[in-house]
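Notes follow once the structure below has been shown.
Per-chain residue numbering starts at 1, and chain names A, B and C are given in the order in which the chains are listed.
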Amino acid sequence: MKRLTILAATATLLSMTALASAAETANIWVRADGSNFMPQIVEAFNKSHENQIKLDIIPNAEIVQKYATSAAGGTAPDGLSLDLIYTPAFAAAGQLEDITDWAKSLPYFKELSPAHVKTGTYKDKIYGLPFSADSSVLIWNKKLFKQAGLDPEKGPTNFAEIAADAEKVAALGGEIKGFYFSGACGGCNIFTFTPLIWASGGDILSADGSKATLDTPQMRDAIALYRGMVEKGLVPEGAKTDSGANFFAAFAGGNIGITPSGAFAIGALNTQYKDIDYGVTFLPGKDGGSSSFAGGDNFVVTKGTPKLAVLKEFLDYAYSLEGQTLLASRGSLPVRGDIAKEALKDLDPRYQIAAEAMAKGNTPYSVVFNDIINSANGPWAQMINEVFFGDDVDGALANAQETMQGIIDAGTGQ
Amino acid sequence: MATTTRTRERSIGSLIAEHGTGIILSLLFIAPIVWAILSTFKPRSEARLPPIPPWPTTGFSIDNYLTLDTFGAGLSHSAQNSIFVAVSSVVLTAIISLLAGYGFSRFRFPFKNLFFILILSTIMIPFQSILTPIFLILSWLGLQNTLTGLVLVYVTLQMPFSIFMMRNAFDAVPKEIEEAARIDGATNVALLTKVMLPLVWPGVVTVGLFAFLNTWNEFLAALVLMTDQSKFTLPIMMTAVQSGRFGAVDWGAVQAGVTIMMIPCLILFLLLQRFYIRGLTAGAVK
Amino acid sequence: MSSISAKAGAMPAAPARRRSKIDRGHWVGLLYIAPAIVLVMVFFVIPLGMTAWMSLHNWPLMGQHRFIGLDNYVAITKDVRFWNALKFTGYYTVIVTIAIFAVAFPLALFVEKPRPMMGVYRTAFFMPVVVGFASASLLWAWLLNVDSGLFSPAAQELGLTEKRFNLIATFNPAFWSIIVMVVWKVAGFTMVILMTGLQSIPTELQEAAKIDGANAWQRFRSITFPLMRRTVALALILSVAGSILAFDQFYILLRGGPRNSTITAVYWIFNQSFVSFKLGYGAALSMVLLVILVVLSLIQLRLLRNPEGT
């Protein structure tokens, strides 16, 4: 009996090693934001495929530095799921494999999230394909809306309605405030504030990212909306210095009427703050319309990796209905427009709105995105705080315009 | 008669004024520390509320310490990293500066003054300005993102002060003691460990104490050189906690971490105060 | 090796001493200092040379670096944000140094007297010094927080402010909050240094002046202060050098805000090198800072050597 077990075990072991020697293993990285869905899809892939994926999860803030140092040391992973805004910078640095032919050979290439493909393209070549997605939306607290005498099922659809609803909610008094945003966080506001400008018809960068276009009527309208709410005391005092630490927590606390947020909030609220009753709608323009920041990750391939075939197999799986459904159930929106509805059909219906926002979403394109926008000490972060809370909107806009343009010119001059 | 009573009265008055001032000032200086430590024992529900009063009002709890272990690689892991880094730095700093102090104090060799000035002059150059190359050198040595690499950098930064201290400590030992031991046939190694070490021990303690406090609290180099969360020391880990997780800051947890960072320093200082002051005044006299 | 040193140690012969000491010392002494020299070379001297070398390159973290001569330095002359950071660093250094001395000098005069309890007070004043800057900054970040902190809610509760006042939202309150924090943190350190200076002044001098009818201020001006010049200069050097290199408190407490108005020189170098990954440019900025500091140190050392400043 004992012998038999050993024999059986040896046999399994043998067959496993045989399998392993035939199969290949590719190493991929994902930033920590992806730790909700990446391990699951890798596990599902590994179970159903001969080739295997080995996954490492890297803290958000460290992925650029870690990738760069390991690329220099020759220990870079075969592929990585990279915040899409960094794709141009990585491609420009010559670290990524040109995957144009592969991408264009996909039958559903035209259906892939346009924002991802746009940022995945550098000098007319494709270096990144969409992997995970998150879009910005407006969320409101239905309970507070009801208390304030507003229709709890109807979110605001233009600037005037946002301001009016926020004022009514704030009138409830006490700790309750009408509106929240992280007023010292560049990354948060590119995600949630620029859609207000886009939806009104403006933009902050030219399409190719070579010109900063900050001082526009649309920008000023959106600023006026925020300033007005701040002046009326509809926004908590802490917003002035929130560098993103309170981005989500403020609304989840239950004392905020309206806040711009992301699709990620749907999953987070449903699981961690079950008692908050909230609605999801599009970020509107001044007189209606809507827009969204299409965020998420692009999948990129390290230049010269021998494991390209495995990575292709993995991405094919992620793009299948099975893969898209799995990703959606873990909080990442579908990146294939043609099967998005189907992938989301069993989930919270509010995800449909986020997915729709995603399809219409926009993403600024820049090889120096981090320096001009995301950096805690960049010109964008400085400008938003000045224009929302400061005294000199004109000066702040002019100053940011000049600094941004300077960084862009220096960055492309390399 | 009248005058003496008056002076006595005045001296009692001034005594009260003096100690009143002393006590109030002392409280002012200690208050923030005490405030933070007390507030860490509040239950989680109070963590986001202002600390007025600082002590827990709705029951005593150590939850703030327990939640810390759920951040990143966990507080206990970062604490182990910090302890490893600080203790290794203390030991290495003590040994290397002991040897070098002895060398500079008792031997003659070519370029001795040049070497001494070279080491001391590094104090004039801020290490902040050479962090980038240190980062590259560590990755060439395969020590990037390792605690060992961080320890080596820290020990180097302790060198000017420590070697200066130890050379002075050896200089203060009369040469006759050494010569007597030599006549008795002591080897160089035995001479250093058995005869000299007890005599310069206060210097070693001072050097070790400064090395501990500096490395335990160091922030910038650890921030730059340690990118792997499992290698974070306490200050880096706590800054990550303070910048929020899932868009929320847990102040109770932050203060618990701060308390853990402060306690060893305060205890060591209170125990070894005279060595610390010695180190300060040694620098001041020169 | 140990046999060589053992033999050397066992040779006390007086006449040959001079020669033999040079011969054996030649090796043995170098061996003793070798570990320290290796460390200082690898982690200080070589990096210093590399900083200079890298500053002449366009050196991104990813991709190839290439030699660009003095272009980085030319770029620095146009880098408004770096000059703003330097300006702010200078402003901070001046204000914080004055503030530290304004608190530390009275404290030193207070605790220097050999009376009971003074040791206890001294220890109390010194406690914040041994707490690291990172811990102190995290602690004060909490105290200064508008919602969960101490000062804003306390002020509101006491009726000093109508609503919560966010102390770190605008430059002046934020800057002075940092000054208060730093004074709390380092006044004890400066106090001890000044105290050693005070204690080295002979008490007879003070007594004699007292008998001559000099009041406290006159005694301080004409006896205490002149005799303490060297100590004051030392405390000044330490304070100035420490302040110019300030980073932790601005990074942890304010993240350079509000509106990038509290970015120090080191902070800017950190940003360029390790956030934007412009290693070459960061190196050039480092060289500029280094030159400024070395020049300042030399000036101060000169002042220290000749108190009259000639």
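Heads up, the rule we're going with is that a residue touches a chain if its C-beta (ideal position, glycine included) is under 8 Å from a C-beta of that chain, and two chains touch if they have at least 3 such contacts.
No experiment lies behind these values; they were computed from the predicted model shown.
Colleague: With centres defined as the mean of C-alpha atoms, identify the chain lying farthest from chain B.
Modeller: Here the answer is chain A, farthest from chain B.
Colleague: Looking only at C-beta pair counts, which chain-chain interface has the most contacts?
Modeller: Chains B-C share more contact pairs than any other pair.
Colleague: Could you give the separation in Å between the centres of chain A and chain C, each centre being the mean of its C-alpha atoms?
Modeller: It comes to 41 Å between the two C-alpha centres.
Colleague: In angstrom, rounded to a whole number, how far apart do the mean CA points of chain B and chain C lie?
Modeller: So the centroids are 15 Å from each other.
Colleague: Which residues belonging to chain C are in contact with no fewer than two other chains?
Modeller: 145, 147, 152, 274
Colleague: Could you check chain B for residues that touch two or more other chains and list them?
Modeller: Residues 242, 249 of chain B each touch two or more of the other chains.
Colleague: Note the residues in chain A that touch 2 or more other chains, in rising order.
Modeller: 65, 69, 72, 243
Colleague: Please give the residue numbers of chain A that touch chain B in the complex, ascending.
Modeller: So the residues of chain A touching chain B come out as 59, 62, 65-66, 69, 72-73, 243-249, 252, 268, 272.
Colleague: Quick check: in the complex, which residue numbers of chain C touch chain B?
Modeller: For chain C paired with chain B, touching residues are 2, 5-6, 8-10, 12, 21-22, 25-33, 35-37, 39-40, 42-48, 50-51, 54, 107, 110, 115, 117-118, 120-121, 123-128, 130-135, 138-143, 145, 147-150, 152-154, 157, 184, 188-189, 192-193, 196-197, 231, 234, 241, 245, 247-248, 251-252, 266, 269-270, 273-274, 279, 282-283, 286-287, 289-290, 293-294, 297.
Colleague: Looking at the complex, which residues from chain B come into contact with chain C?
Modeller: 18-19, 21-23, 25-26, 29-30, 32-33, 35-36, 47-52, 95-97, 99-100, 102-104, 106-110, 112, 115, 118-119, 122, 124-134, 136-137, 152-153, 155-156, 159, 163, 179, 182-183, 185-189, 191, 213, 216-220, 224, 235, 238-239, 242, 249, 251, 254-255, 257-258, 261-262, 265-266, 268-270, 273, 276-277, 280-281, 283-285
Colleague: Sort out for me which residues of chain C touch chain A in the complex.
Modeller: Touch residues, chain C against chain A: 58, 60-64, 75, 80-81, 145-147, 152, 163-166, 168-169, 255-260, 263, 267, 271, 274-277.
Colleague: Going by the contact rule at the top, pick out the chain A residues touching chain C in the complex.
Modeller: 64-65, 67-69, 71-72, 90, 93-95, 184, 233, 236-238, 240-241, 243, 370-371, 375-377, 381-382, 385-386, 389-390, 403, 410, 414
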